[in-house]
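Okay, so chain A shows up in both of these, paired with chain B first and chain C after.
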Partner chain A sequence: MRVLTFLKQVPVLSLVGAFALLFFVIFGGMLAPYDPERVVTGALQSPSTEHWFGTDATGMDVFSRVMAGAQIDIALALVVTVVATVAGVVLGIVIGTFESRRGLAGMAGRGITRFLDLTDAVPPLVIGVVIVGLMGATLTSLSIALALIMSPVQARLTRAEVLKVRNDAYVEAGLMAGLRPMQVTFRHVLPNSMRPAIENCSTVFGFSVIVLASLGFLGVGLNPPTPEWGNMISSGVSGVMLGSWWPVLFPALALMLAVIAAAAVAGLLTRLSRGPAAR
Partner chain B sequence: MKAYLSRNRWWINRTLVLPLHLLIFSIAAFAMVRLVPGDPVLARIDTSNGFSQEDYDRMAEAMGLNGSIWSQGWDFVVNLFQGDLGTSTSTSRPVWTEIMDRLPATLELIFLGLGGSVLVSLVLAFVWLQTDNRVVRRVLDGYRNLTGALPDFAVAILSIVVFFVLIPIAPAPIGRLTPGTSEPLVTGLPLLDTVLVGRFDLTAQMAAHYVLPVAVLVFIHASGIWRQLSLGIEEQVSEPPTLFKIASGATRRSVFRSILRRSAASSIVTLGNKFGALLGGVIVIEQLFGFGGVGQFALDSVRTLDFPGLQGFLIVIAGLCLVGFFLVDIANMLLDPRRRPGVRVDA
Partner chain C sequence: MKNRLSPQGQAPARSDIPQLQRRSFLLGSLGVAAVAALSACADQSTASSTSGSSGGSGDTSEIVVAVSALAASLNGVLDGNGISLQAFELNANLQAGLVRNPYIDDETEGCVVQDFNTYVGYVADSYDVSEDGLTYTFHMRDGYTDVEGNAITADDVVYSFERKWASESYSTASWGDFKGPDAVTKVDDMTVQIEIPSAGFGLTFLGLLANLQGHIYSKTILDANATKDDPYAMTWSAQNGGWGLGPYYMESQTADQEMVLVANPNYAYGEPEVKKVTLRVVTDAGTRASLMKSGDVILSEDILPNDQATLAEDSSLTVPVVGDPIEYVDLTLVTNKAPFNDLKVRQAFMNAIPYEQIIEEVYAGRAVLKKGNINPSTKGYTTDGIPDMVYDVDKAKSLLAEAGMDSLDFTLTVSTATQDLVNLCILIQSYAADAGFNVEVEQLSAAEFGTARSGATKQAILYRNRAQVQTPEYSCITFFKPGDDPSSPSRWSDELNDQFWDEVDAARALPDQLSDEAGEHWNAAQTIMVTAAAEIFICAIQPTQVFSNSITGWAYRSENQNDFGNFSIS
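What follows is the complex of A and B.
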């Protein structure tokens, strides 16, 4: 019964989006009919019943590569979302709690806050290009770069919420009841100030997918033959001029669908994070 | 004098912190480039026959990469104060020249895209205020909800496939002009330059090449600006100031102006943020349409591990962003004096 009432209140689109994303992360590779990293037939064959999305300039099956690419792009973006949100929330809580104190801790807190504001002035893609470009593209360097790009946003959202929540009655009540400040922070302030960051997760995810693919496209991200949407687009783009649009269009569509699915999940996250009262 | 200062504190303060922020950034940019592993000296030495420590030191000195990281950082900041961003290690030209050769073209594309977005948003706002038609309003509401759900990268590719391959009406996405034609150079802004030298045939040609990328930028970014503007309008449209204007018999135009002026703040902030994000994001569009720009320099610098080049690029981009944010703040405080710090308004 509870499942039913839950379902009634969650927009169907959100669920479809969430399931689609998870489905492709888990089963994307299995759906690939051919080896995504091997030449299977002649180059640049247009879409047919045998090769649904055609083959690319080297003769690899585009459908298999798009599916396998989902596992890389979506999974990496999910990891980044989790890491950036956890790091951002923790940082946000810490600076939100400390920045109004006197002394060294307060100064450090205020310093970090100002610095987080300043990070706005470096475009995300530029940070990605510099870090991944210099470190060399690996799954680790991509995750680090993207987490660095995304966590300030989450930290700022959490900090703003901590500043609001801090003055609520239950915080004072907790302190009066003799809880240690740490306990109040993690038991009471944390769960009550996570909401904006959680709701922002789907945006972070969508943005990560875009930046990831953009890095691949610019030749800074994962290199071919690794099936990654961005590098598939970049290696196929010169062929568009000669009329072979399929190696480029399908990864671009996949990218777009992933971002749209993420936007659809936003409603779901909002409902989950507002807790049972809002349901 | 004192009264003048205190009345104008709102913009004086804001102006004075700008260089400070830029300095913090330069240090951050230096740290960011240097702390990431990678050795540009090794990249430049011919290591096929092995190399000695002397070879390495000589190359390091030639590239200005000798000494401790602290002394390098100090030199870097000192040079910066003299307006010197250093010399590119891959092209051996001053970084500032390298960037200034390419930056205007990038800025032109961004300004066309954002200018178009602002125009579209204003037109939409006008339509929204004029009409009672439900369908039109629903379409406008739907458009604002597209914000963030469409990657410009994918939309650009889609547009190329549709308008170049399937319905071939757009010129080939390989540069601003037909290959082989050289671009006139006066200010560095390609479209403006064709007008300045009076080659209107080139202007038309370049405009044709600009249509698709600019349309993509406008389609994507107008949505976000329109979203903020329309939220603002919804909030302001039946507020007391509007009603007062209508009641005192103001013209329709004056009422619209008053509503727009009060609801513009957050869309101007969005515009500033978009400018910042586009300084990076437009690299992808430039590459896709074969336009040269400052992004190409950054990519080349990364490939050749050109540290001074990268630092210079980061500082120039961050500086432009900061100036953009600064202009946004000033514009908002000019439009609505209630936003100036220290001004108290009782509603």
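What follows is the complex of A and C.
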């Protein structure tokens, strides 16, 4: 009965999106009928029963690459979302708690806040290009780059919530009951401040996919022939004007669906986090 | 993007944030997907703007050409910016040397190619060679002037050599033992004599005079813009035209967008028919091809082979094909470190490359197999006996086994600027795996790649290459200088290399470089070079231009750029 109620309250699209994302991360590679990193036939063959999405400019199977690409793009975005959220929430709690205090801790908190504001002035792609340029294009460097791009957003959301929560009556009550400030912070302020960042996770996920694809499109993503959607779009784009649309269309559609699925999951998280009344 | 996510220090009403973000995010994601799917249209604004004043039809005295980029400086090799397709374009149109290779007919109707066995007067009217082959006497054109009407005399020739040798960025390596301005003597206003170190150097000397190393400048114009700190007006000439003697001078430019060339009324071969050429930057290769298809431009440069194959089906367009393409795909195996310090490993990998598939799949048939890098049309020279480039897995495995290996992992580095070569890497990776080579492809920016190439820091690198001067000596040794020379990307140095230089020296000692005897030595040197497999010549690529059938006089040149001065538009 509870399950039925739950399903009624949750948009079907959200569930489909969530399962689709997980499904392709786990099984994407297995669905590929050909080796996604090997030339399997002639170049630029249009979609057929043998090659559902056609072949690219080197003769690699586009369907296999789109499926395998899901594991890279989506998995990387998931890792980035977790890292950016954990780092952002911790940072947000710290600066929200300390920035209004006097002394060294307060100065540090205010300094970090200004630094986060400063990062707003730098386009995320520029940060990504610089980090990948310094560290090379690997999964690790891309994860670090994307986490650095995304964590300030989560930190700002958490900080804003901490500023609201820290003066609530239950916080003062905790302090008056004899709890130490750190205990109050982690037992009471943290659980009540992290909700916006949690709700924002799916948005971070979606933007991570987009930024990763954009870096690939700019030619600073993973080395070829790694099946990454942005790389696939970038390498196939010049042929579109003259009729070879399939190497670009299918990874672009996959990208679009992943981002929409992430947005749908965002709706789910939002509803769940607000409780039955909001639903 | 961040502003949308950020509360900017204020905590908005909680109930407002997610819906707002989700709605904007959904719209944004749809937008991004649409952008991604239609990203080929990225240069549409450029495309539409290109269809303005001129293009594929109408006025035959003005043309618009779609180019991938513009040269950063007009100084070319003098300030170290000369080795790029963009600089070559300016070399061919803004500059002229004492001599040049005449144009002759070739495979594509209405097109011509350079005759690399012959040199005729250009800035000079004619030239004589002394009996010992050591003194070249150039006779200047009577009444010849620069763009502003200043007479071009022997003084300009002497000045030009002084200016080159005074530039710290100018490499004199190609000139060998030539003494530069000290070897140039003004006999009278209309005659200049140049001494060369050996008769055998004569052919390459003429080739250097005819190409980017040997241009003659207007002394009067440059002197007028010189300063005490810059006596040769290098700073001024980097951005201002009119001091060269080519068929055009630069009238104006907008950095990274457009350059306008105007016909030189005093050009040595007569004022060009096309009076104005606008080079318009269209960065995306697909868009350049599309502009050609739509007729918005009359000529597009640097078109990808697959796009060329598609455009070749359009009967109103010409996609040129030449008998002996000059630009080639060069796979350099760096020999100063493992694994390619081992001859057997290099030879094994040479047999693990799918040459025919590369020509068909990556170049859509618009490339040919290449035997060495001396132009096969060179008099006295043949490619007989030079090993064929063949994909032979069994032989590759056998050679690898002789080197004591079952398999080999290595990194092949390529520049992101050349998409065809990235595709080529993937093809090599797939096919070479069957022979036991596990190739990891590494992409670098063009600048990083250039540094890696000159520093020989990578294991194997893939790039396009060409010899500007199509003489046997220049082609054969330019990329194989001894020692730790940056111009020798393979750093090839072993017993075979010694044999190679023996043959080169024997050929250079002969006064006539186009003789059969010289040809035999050059053939032997090329055979050794190919066998050593320090540089693997994968294939030679057909010209990368596409142009309207209304153009006649398009010339295939050693730098793969257009000589607009030879164009006629119908």
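The criterion applied here is as follows: the second predicted complex is superposed on the first by the 274 of 279 C-alpha atoms of A that agree within 3 Å, B and C clash if a C-alpha of one lies under 4 Å from a C-alpha of the other, contacts with A are read in each partner's own complex, and residues count from 1 in each chain.
By definition in this document, contacts are C-beta pairs under 8 Å (C-beta built on N, C-alpha and C of every residue); 3 or more make two chains touch, one makes a residue touch a chain.
All of these numbers come straight from a predicted model, not from anything done at the bench.
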Three-chain arrangement built on chain A, chain B and chain C clash or fit: clash
Partner chain(s) touched by A:L118 [first = chain B, second = chain C, both, neither]: first
Which superposed partner A:G42 touches (first chain B, second chain C, both, neither): second
First (chain B), second (chain C), both or neither touched by A:P196: second
First (chain B), second (chain C), both or neither touched by A:V237: both
First (chain B), second (chain C), both or neither touched by A:A147: neither
A:V80 touches, of chain B and chain C: first, second, both or neither? neither
Partner, of chain C and chain B, that touches more residues belonging to chain A: C
Which superposed partner A:V25 touches (first chain B, second chain C, both, neither): neither
Touching partner for A:A160 - first (chain B), second (chain C), both, neither: second
Which superposed partner A:V130 touches (first chain B, second chain C, both, neither): first
Steric overlap of chain C with chain B in the superposed model, located at which of 74-82, 272-280, 326-334 or 398-406: 272-280
On chain A, positions contacted by chain B and by chain C: 120, 124, 133, 203, 206-207, 210, 213, 217, 219-220, 233, 237, 240-241, 243, 248-249, 252-253, 255-256, 259-260, 263
Chain A - residues contacting chain C, complex: 37-39, 42-44, 57-60, 113, 117, 119-120, 124, 133, 137, 152-153, 156-157, 159-161, 163-164, 195-196, 199-200, 203-204, 206-207, 210, 213, 217, 219-220, 223-225, 233, 235, 237-244, 248-249, 251-253, 255-256, 259-260, 262-263, 266-267, 270, 274, 278
Residues of chain B touching chain A in the complex: 21, 24-25, 28, 32-33, 36-38, 148-151, 153-155, 157-158, 160-161, 164-166, 172-174, 273, 276-281, 283-284, 287-288, 295, 298-299, 302-303, 305, 310, 313-314, 317-318, 321-322, 325
Complex contacts: residues of chain A adjacent to chain B: 115, 118, 120-127, 129-131, 133-136, 203, 206-207, 209-210, 213-214, 217-220, 233-234, 237, 240-241, 243, 245, 248-249, 252-253, 255-256, 259-260, 263
Touching residues (chain side chain C, partner chain A) in the complex: 1-3, 5-11, 14-15, 17-19, 21-22, 25-26, 29-30, 32-34, 36-37, 39-40, 42, 284-287, 289-290, 293, 304, 306-307, 310-311, 357, 360-362, 416, 419, 422-423, 425-427, 429-431, 433, 440-443, 445
